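Chain nomenclature is as follows: A, B, C and D, assigned in order of appearance, with residue numbering initiated at 1 for each chain independently.
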Amino acid sequence: MKDARITIVKRAVQEIKDGMNVNLGIGMPTLVANEIPTDFNVLLQSENGLLGIGPYPIAGQEDADLINAGKETITTVPGSSFFDSAESFAMIRGGHIDLAILGGMEVAENGDLANWMIPGKVVKGMGGAMDLVAGAKRVVVIMDHVNKHGISKVKKMCTLPLTGKAVVHRLITDMAVFDFTDQGMVLVETASGVTVDEVKEKTEATFTVAKGL
Amino acid sequence: MNKVCQSVADAVSDIQDGNTLIVGGFGLCGIPEKSIEALQERGVNDLTVVSNNCGIDDFGLGLLLANKQIKKMVASYVGENKIFEQQFLSGELDVELTPQGTLAERIRAGGAGIPGFYTATGVGTPIADGKETKEFNGKTYLLEEGIVGDFALVKAWKADTLGNLTYRKTARNFNPLVAMAGKITIAEVEEIVEAGELNPEDIHTPGIYVQRVVKGMDYEKRIERLTVTNA
Amino acid sequence: MKDARITIVKRAVQEIKDGMNVNLGIGMPTLVANEIPTDFNVLLQSENGLLGIGPYPIAGQEDADLINAGKETITTVPGSSFFDSAESFAMIRGGHIDLAILGGMEVAENGDLANWMIPGKVVKGMGGAMDLVAGAKRVVVIMDHVNKHGISKVKKMCTLPLTGKAVVHRLITDMAVFDFTDQGMVLVETASGVTVDEVKEKTEATFTVAKGL
Amino acid sequence: MNKVCQSVADAVSDIQDGNTLIVGGFGLCGIPEKSIEALQERGVNDLTVVSNNCGIDDFGLGLLLANKQIKKMVASYVGENKIFEQQFLSGELDVELTPQGTLAERIRAGGAGIPGFYTATGVGTPIADGKETKEFNGKTYLLEEGIVGDFALVKAWKADTLGNLTYRKTARNFNPLVAMAGKITIAEVEEIVEAGELNPEDIHTPGIYVQRVVKGMDYEKRIERLTVTNA
């Protein structure tokens, strides 16, 4: 893993509390699973119909009938349950998922999220992302703070088509952690070795800084 | 009254050009691979296909795409499919992208006699364009419509002769909903048992939804992304 | 059973074809079950969550966890399935029940049905009747032709609050069988020993008489 | 994080005056009889109760009626209950009658984050009074709203320690829906097993919906209408 990814994933796992039911998005969020303390009773939900994802199977023991939402072969943990896609999204839409951790392309200061399509590129589809951001009790987005050209992905307004409007509760980047509140976007943490001024410089969005930072 | 078909070809023999098919499966998991192959052989055209994904280039619904049998696709995720991409860009293929949970609920609603329901999913996004909205308790929701298919194609693990179905692990996914939403529902399965052999409390799809059952042979069950740990 | 009941029940059972999934209402419709030919593969649905009702249990083998919609202890047949109430009414509302046979208080010539409340009397509730008449593929109502005062229950318009509007496909009484078509209400059969004129005399509703009657 | 409560009294100890309770069961079958008894003992008042039936005079929800703890009842069938009748006629009890299928779907919808849906059930009848209608394909449907409860009271057969539930025969009825629709869902069960002891494919209610599990003792399981054949 790149340093930035490690920073993000290590910080993201702190969002997970004992007893939570959590949905981890495809890509970087999936890596968070490996960091969950082993003494936690956390159940990971897979929107294709499983509560209680276990680790990847031992080679040779993979089962084509047992995959996660990223279509990867997986296993289950004791106490897991299988269900259909309508039940799965009843859980998601109905607010029964305590926490969804998703990747992002852009997050705006009002909590808008864009993470499913780039105009001009071929559309792959939103999968379950729109349901997750609309339904999960808490939505945490993890992404790089800037793109490969050094441009802030933390925006005043999203330029890409939205996945959801004002849906992000917390944003974790390699530089900082922001909360989205009734009083607007608030910088609540900086990554080790990063100053508030550096965050301000790399961020297009307007935000306030939490006391004591 | 006998629901058991002798071959997959028989089971799909009256699917017509222009029909709407609702198809179970997620990725390549729990897809009715034998029914799809039989449709590829029969060569019906101008199909509207409702399914979460559209297979890959050489397996699953990708076979019907490659054969240019699909006119319109309703799905939540169509990535990783070159033929899809080509046909979509060239305008040969009409695509209606629907959030996965909304798609699941639309199929269930169709099967359950519910013509429309409201969801917060997609409000303020491009998929809200042209859709009615309504406020409940001060929050805005989108109206989404139920989907009914001329045929539903389902893959189950076991069936009994009355069409009761059980699914295995995450191969369940959309299949029980799809089974509800077909005017004619065709279930291909790995094993057919006598009525009474499945535990009545553990049946995932009651046979009332299923008009035809057929045993598929030699399931390939291709794995899309093999991920393993070292022992 | 009274003669009228026997007439109605014997005629009603002819509505049931091999292979059907059928819902029988509480009261007189329940009696139809006993008359179904034993070589038929008919599954009886109970809206509290069972497809495949069997006969009453042998005394001493009753199970409090196994009842029908009339709250009677029952058994199951091979190939039966249990499910929850939402699934049960998905079947009903979604048009998967081939035939519902229900009792009636009044049926009007346009196919309206009233069978759930009498104003001024205490309301007991509609239970699943409104869903059944709105959702079943075919709705057959069975009832006495006249009330105990000799007044026709087959009306021009229902006087009681409706269970459903234009929902009845066929009405079976102790005197006659009527169909409800786009061309209005049609007398299609008379009971043994009953003339068309007698039916006309006892019926408030306007109807046509099928050819050959 | 431990979902297992030591007593039924503990499990219901924070239910407050004025709360909305959604309660499983059909007739007297599959009702949370121990939770109801515990509420009768605690004596909370002004409850809104959503349940298909309202018990009988001396069992099930009838006990809370007899104790005048229920302010409003949402149900599909309330016959065979004298106390109900008295309180309804005297105006002490507010009653919202809802067709059974609509009630089941409203509870499921509440649990599934669907604030409203359309159904043909009840169109042109008294229960359509004051409700919005909408046409789909030329047919009229009623708008019905989802229901969420402050608490949901469920009776299951077996639970595991994570709150996964299975039901027995027709004692399932409304219980799985009710489990979905409570802000706090309390499941009373006949047996509690360790996580992993229930087959993951046969779980009727995944534990995500269930906040508390408690073992009830000495279930009465009263039969409302004993019907038997002679051997």
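Some notes on this structure:
Everything that follows uses one rule, which is that a contact is a pair of C-beta atoms (placed from the backbone, for glycine too) under 8 Å apart; a residue touches a chain by one contact, two chains touch by 3 or more.
Since the structure is predicted, the reported quantities are computational estimates derived from the model, not experimental observations.
Contact tally for C-D versus A-D: the pair with more C-beta pairs in contact is C-D. As a whole-number value, the distance joining the C-alpha centres of subunit A and subunit B reads 28 Å. Averaged C-alpha coordinates put the centre of subunit B at 35 Å from the centre of subunit C.
In subunit A, the residues touching two or more other chains are 76, 82-83, 86, 89, 92-93, 134-135. Across the assembly, subunit D contributes 105, 108, 112-114, 119-120, 167-169, 172, 200-201 as residues in contact with two or more other chains. Viewed as a network of touching protein chains, the structure does not reduce to a path, ring, star or complete graph. Interface note: chains touch in the pairs A-B, A-D, B-C, B-D, C-D.
Within the complex, the subunit C residues that touch subunit B are 18-19, 21, 41, 43, 45, 51-52, 76, 78-83, 86-87, 89-97, 134-135. On subunit D, the positions that touch subunit A within their shared complex are 1, 108, 110-114, 160-162, 164, 180, 194-196, 200-201, 203, 206-209. Looking at the complex, you find that subunit B touches subunit D at residues 105, 109, 112-120, 134, 136-137, 139, 141, 145, 166-169, 172, 199-202.
Taken in their complex, subunit A has these residues touching subunit B: 46-50, 55-74, 76, 82-86, 88-89, 92-93, 112, 117, 122-131, 134-135, 161-166. Contact residues on subunit B toward subunit A in their complex (touch as defined above): 26-30, 52, 75-80, 85, 88-89, 95, 97, 99-102, 104-105, 107-108, 119-127, 157, 167-177, 204, 221-231.
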